[in-house]
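These notes are about the structure you will find just below.
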Amino acid sequence: MNVKTTIPLQVSRPGNSVAYRLILFAMVILAGVVLLPLLILIITVVENGSSVIRVLGQPDTLQPLANTVEVTVASTLLAHIIGVASALIVNSIPARWQRWWHLAALLPLFIPPFVGAFSWLQAYARGGLSDYVLHQTFPWLYGPLGVIVLLAVHSAPLTYIILSATLARLDPRPIEAARIHGARRWEAFVSVVWPALRPALIAATGLVFALNAGDFGIPLVLGIPAHFLTATTQIYQELSFTSTPDSFSIAMALSLVLALGSLLVLLALQRFESGHSLITYAALPQARQRKEGQVLRGIGQVALLVYTLVVTIIPFIALVLTSLTTSYGLAPLPQNLTLAHIVDTLQESTATAIVHSLLLAALAALVIVAVGLSGAEWSHKSRWGRILTRLAWLPYAIPGSVIGVATTIAYGKWLYGTFAIIFLAYLAKFWGLAEPIAATRTQIEASRVRAGRLFGARPFQAYLVGIWPQLGGTALACGVLVFINSIYELTMSSLLYAPGTETLAIAVLNAEEGGDAATTATIGVLLTLLMVVSLLVLTAGRQSRKLEEKKSI
Amino acid sequence: MKYVAKQHARAEITQAEAILAVKDLSVTLDQQPVLHEITFELYPGELLAILGASGSGKTTLLNTIAGFLAPEKGSIYLAGELVSQPGAVQAPEKRHLGMVFQSYALWPHMSVLENVAFPLRRQGMSKAISQKQASTMLARLDLEAYATRYPSELSGGQQQRVGLARALAAQPRLFLFDEPTANLDSALKASFAQEIRRQQQESQVAALYVTHDVREAFAVADRVMILQSGHIEQLGRPMDIYECPATQEIAGLCGLYTLLPGRLEANLDAGNAEVTIEEQRYTVKLLNKSCQPGSDVVFMLRPEWGEIITGNPPARAGIAATIARIEYQGSQTEYDLETTIGKIYYRALGRPLAQVGQEVQWYPRCLYAYAPTIQEPA
Amino acid sequence: MKYVAKQHARAEITQAEAILAVKDLSVTLDQQPVLHEITFELYPGELLAILGASGSGKTTLLNTIAGFLAPEKGSIYLAGELVSQPGAVQAPEKRHLGMVFQSYALWPHMSVLENVAFPLRRQGMSKAISQKQASTMLARLDLEAYATRYPSELSGGQQQRVGLARALAAQPRLFLFDEPTANLDSALKASFAQEIRRQQQESQVAALYVTHDVREAFAVADRVMILQSGHIEQLGRPMDIYECPATQEIAGLCGLYTLLPGRLEANLDAGNAEVTIEEQRYTVKLLNKSCQPGSDVVFMLRPEWGEIITGNPPARAGIAATIARIEYQGSQTEYDLETTIGKIYYRALGRPLAQVGQEVQWYPRCLYAYAPTIQEPA
Amino acid sequence: STPASTNASTPTSLTVYAALTEANGKLLAKAFESYAPGSKVTVVTGGTGALLTRIKAEKAAGSLHADVLLLADPTAMPGLDEQQILASYKPTNASQLPASFQDAHWSGAFSFNNVIIYHKGMSLPVPSSWQDLTSGKYQNQVELGDPAYSGTTLGMVGYLSQTYNWSYFSNLKKNNAITVQSTNTVGTDVAAGRVNIGITLDSVVRALLAKGSPIEVVWPSDGAIPVPAPVSIVAGHENALSHKFVDWLFSSGGQAAVEQLGYAPALGSSSMIPAHTKLASVDWSQIVQKRTSLLEQFHAIFAKAQ
């Protein structure tokens, strides 16, 4: 055999292309930029170590932490109960109707918690809708119970999403096997369905826990009036109303405790997670005509309907009425209704703020999705990538006000009064939302990319043809989530804005500080409508993803 | 054009009481009729294989017998007891059945032992006793070593053995097998099917065995049911199905075949007959006697029912053929023969005995005759 | 105990220039050595099947040839051009290969036509021309009707045909097939493998064909490579592998076999030999002549290499055997024979010719001899 | 913003962190810009809490962007002073301010006044003094802010606990008086009829009345409690422009601008406060000093509310 060429080959290791290295480099830089505030937080706490330790040991500081643990654990449990129940109910509904029920179950996720709590007050507190119509009020709304219920309502959709995805993928045959081999319906559920749901539930627990531990809007609206402090409201108080030099590092320390607590929960859960129950059954969507369980299904549907009415629809109606009532305190009667607030609210300054928020949120969504996609490639190939993807998730549990402070400390000198600083804070806080992209990436078979390469596509073309079609749906979903979160974010932008970079949050807080409940309600209504539009986009994405999944079977 | 023989008479089975009786069963799914008037009986110790193309309703039939689907019409009796009829279906867990699934359908979060003990637990046994019995069953299938493993730690074949152990442990009155070997690779397939057959014969429990694989159906079954778009097309002993397929489709389902037009001259004794093919007369073994001597018929023949003779001049006159293709398969070799009356398949054990392009003489030894009832393709 | 013959000499192939030459190739994945010093050549128009157990390195070999993995040692030449060596690997898209994957690896968001046209587009063809060529290829494989469908709307067999069309359309210089039939059901399997063979012979492009299935390997391949834990164990024509397996494992891999201790008395002419088994002398066809006449050997024989004779008294004396099991498989029947020297497998075409429990005489017609090099089990 | 320099030529731009609504912030900036043509005032508005957080963070980052602070109550001022954030500049008219409206580092530019409000539809007799609220007639009807979150409420609590003793709040508590986070909430709650009577600020009342809410205000006969809005220049940001701004704020022009925003000016009389209204005098330095114990005592009485 005569050898034509000896070494005209470009030296390249497969999978370590220049593009891959560039991505890696960009990721490391970005991680640095985003994680710097976190680092600063740690440094601040360490610098003031002695006073932090002293103050952290005081009952006054410990009580809110204990409250946070109580509220978070209870609301996570309740959220799971609601999420599991609604997932089971929606899953039992024939496919044609599922979309609308699915929307209903997701709805609370798309209403900002702050607006949600506010609207509950308009609906169920003294002077609210129920007071007018039924002369019935719910004083427990103020205090731990109200906080727990509202947190659960707002985080249950997360449990729901994760569980319903798992349920849809459940292979019916192991369940049938249980029935044939003597298990009654509930026994089959307990011994086969439940163990398959458990890993998903554990995965959901970490997310819901962090979300609820870090929530500020709900304990602010419902906890403080009853003197019920959680860690986030205490942090808020330390930052806003106490002027001792210690207060600053105490706030930082409390946030670190929150973040570390969530990290511990996450790690503990992962430990739990590993093991055999992690294996979910292979996907096999197989509709089957079943005569069983129709009564149960009917009851479930009614329950879900009532739940949606009570939890979202009625509060939303109350919110709309508040925004339409000429003056706060007047009965929502026809003669007292006006569109003036809506017209006023949509006037220039709020309108500008809305445009800013939309642009910032869209950009954040784009960048985080892009980062998530590159991160997915990296974490698919290396352990360090996986660790980074996990770390990025941490700031999600830190209250926005602290991220805002840390971002100011890190970048305030150079980026003061620019959109860039708000944008960086969004990146830091919401990066973790891109994790599902990495998770989905691991499930994509290599063969489609390889087929692309083999048939002449360069690496990027092969990516477009072999990976993107499967990852696109998840990326879209993550993008919408980031978008929504960025829009209804309040505390970070209120700390970081300057005239010219106002966001929606400034308008809301302005109205709130000014005691202008009608404007608050109006913005709440507008936000909620905006979110529902986003939700429709998201589920449209979900539909197309389903189609893709179908195509890829 | 399709040639169809008269429906073959069903083989006689001892008239013990049927363990399963399916009468006139029709099932409709999503307004789509899937099974039509299925009627058959299954007797203790018998294994009935159900063969059919994808979508022919095999799984639907098993699911209806298991009690997951309600019939649209007809009824199902288990050991004489009415368990399914339109609108009244006994729950699956009350039927005392055992089932082995194509996808194994083991419970991934339970150890092998727990998987096998599960049906026993559900029958009300204590944990200790059920695990003891499950261990015995595992030992019987050479699985003791894997008792504490989880399904994910086993190979496909081992998982399927566990699935079998689970079905056996329950000591059911009827086994349902839904393509139990479809996910196993070919080396394992045959031995696993044999294992199933042995275990089923030992326990003398009746079984329905759904498969795509004709060889496997023939190898394990007492009787074979051919299902086509929800109808029973033929039901009989493996040999009946292979040698006397009711329709051309069934013939094709069971392997290669050749159709040759000819004439049945006379039936001789000992199953032989005088036939004419291409002006040439042969004495062959004729597998059915239902055609009228002296009439034109269409002969169906399997590749191994003929012979080729090489050598020049040939020792015996037959149909002149040219070898168009040779496929060596190890234990046997298959040939495509080109003749003036079309392509004839031929098969012999061992190495190729001729070369592609070589001229040979072919003559028949055994035939099956279809009366020329011509049926238009569906 | 394992009996191992001397490595069979490789069949001589025309000395045209090799399209693929793999030299001394070793591949390590995650610090795990996966392939060891693989050396072979592939010539234009040739199809080489790679047979091996799961994990033996088949996919790794293909991936290294495709350029997805870098070798640890050794080199790969495509049409004489060095394309892979440690540290320097030509990108896959520059190699002009075609591949068919076990999992189809079609792109779900593209129509069938777009899938097939993709390689052509990448070769720089205009959209119109590439789609026209793709259509032609689809027509060649009877897939025109599905051109506008999406992969999810096709059955597994149709999807795999599209995968084949895509690989063919690219007009590659080498085909790689990674278990292309593994996900197809057994009915489709054989016909799809034949389709591949036909298309490959028409285009006269060399191919590597990875499979688990021995029958398939024998049916499609010019040569077969047996891979075991990263080593080439045997490489030769299908007949060599089936009849003269280098090791007992390979013998088992290719089908049922029986080992009988005996003595080679003398080599006769025309491939025959005088042998003694159980004090009885036979004249048989001996498939290898490498053993010393007059020495004790171990004979390997396939089920179809013997004969049984019924009738009392038997026409000819052989080894007395009792039929322990009969399995009718349609075209053939397999028997387990119980003898004083152990179980002998026997196979014949057609219906069972005896019954279980019947006493028969068995005698050999053809044997392969292992010299008694006794190797301890690994 | 303005670099810290006193010897350079007069800077032209000024950043004010003001606890005002955005609209009011803009109005104030406009008024000053027309008074001092060529200058550019940037007002960052927000709640006192958000502004304080911001200031602390910027201080920690070593780059305070504010030149002038204008907060809603003086409670945070001593803490800021302690961190050396405040310059000690006295505006030209400072001498005319009441004692409770000034300190070494700040001067009160306008005032919020703690008053009583009631729902118009109320069937109970209208209270006229702080003392009236402890009457059993108003069982379940009184709402007030929380001194932990509201500096103005802290002033009110400090003054009343000093004047009438803690028993005053114990009596309110016996009447089941409710505390909420902010005086705004008190206003909206009374307007919505959730309670009939509340202790809140005159500015809140004015905003509600402007929208037509069904409430009325009572200036207590035993003295409305004024809370000054403190103004201070940020240490190191003293320059001609910041001086000019602060001086203007306390001039008649500045005070008129403040009145236009809806606040009672600190100097001179105004229609905002009815004539002959009795105004209490609050010792802010003492209240801030005793903040912790005030809150403790207050929460000892009210924490378990609801």
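Worth a mention:
Should a chain be cited, it is by its letter among A, B, C and D, assigned in written order, with residues numbered from 1 in that chain.
One rule holds for everything that comes next: contacts are C-beta pairs under 8 Å (C-beta built on N, C-alpha and C of every residue); 3 or more make two chains touch, one makes a residue touch a chain.
This one's a predicted model, so the numbers in the text were calculated from it and none came from an experiment.
In terms of C-beta pairs in contact, A-D outnumbers the other of A-C and A-D.
Per-chain CA centroids place chain A at a distance of 54 Å from chain C.
Separating the centre of chain B from that of chain D, both taken as means of CA atoms, is a distance of 91 Å.
Spacing of chain A relative to chain D, judged by their CA centroids, is 37 angstrom. Note on chain placement: the centre of chain A and the centre of chain B lie 55 Å apart, centres being C-alpha means. Shown are all chain pairs that touch, namely A-B, A-C, A-D, B-C. Against chain D, the residues of chain A that register as touching in their complex are 44, 125-127, 139, 142-143, 224-227, 236-237, 239-245, 247-248, 326-330, 349, 401, 404-405, 408-410, 412-413, 416-417, 494-495, 497-499, 502, 506-507, 509-510, 512-518. Put simply, chain A touches chain B in their complex at residues 171, 173-174, 176-185, 187, 191-192, 195-196, 276-277, 279, 281-282, 284, 287-291. Chain A contributes residues 1-7, 9-15, 445, 447-448, 450-458, 461-462, 465-466, 469-470, 548, 550-553 to its touches with chain C in the complex.
Across the complex, chain B meets chain C through its residues 54, 182, 185-187, 194, 212-215, 218-219, 238-239, 242-243, 253-255, 302-305, 327-332, 347-351, 366. The part of chain B that touches chain A in the complex is made up of residues 29-30, 63, 66-70, 89, 91-93, 95-99, 101, 103, 105-109, 118-119, 122-123, 150, 152, 166-167, 170, 176.
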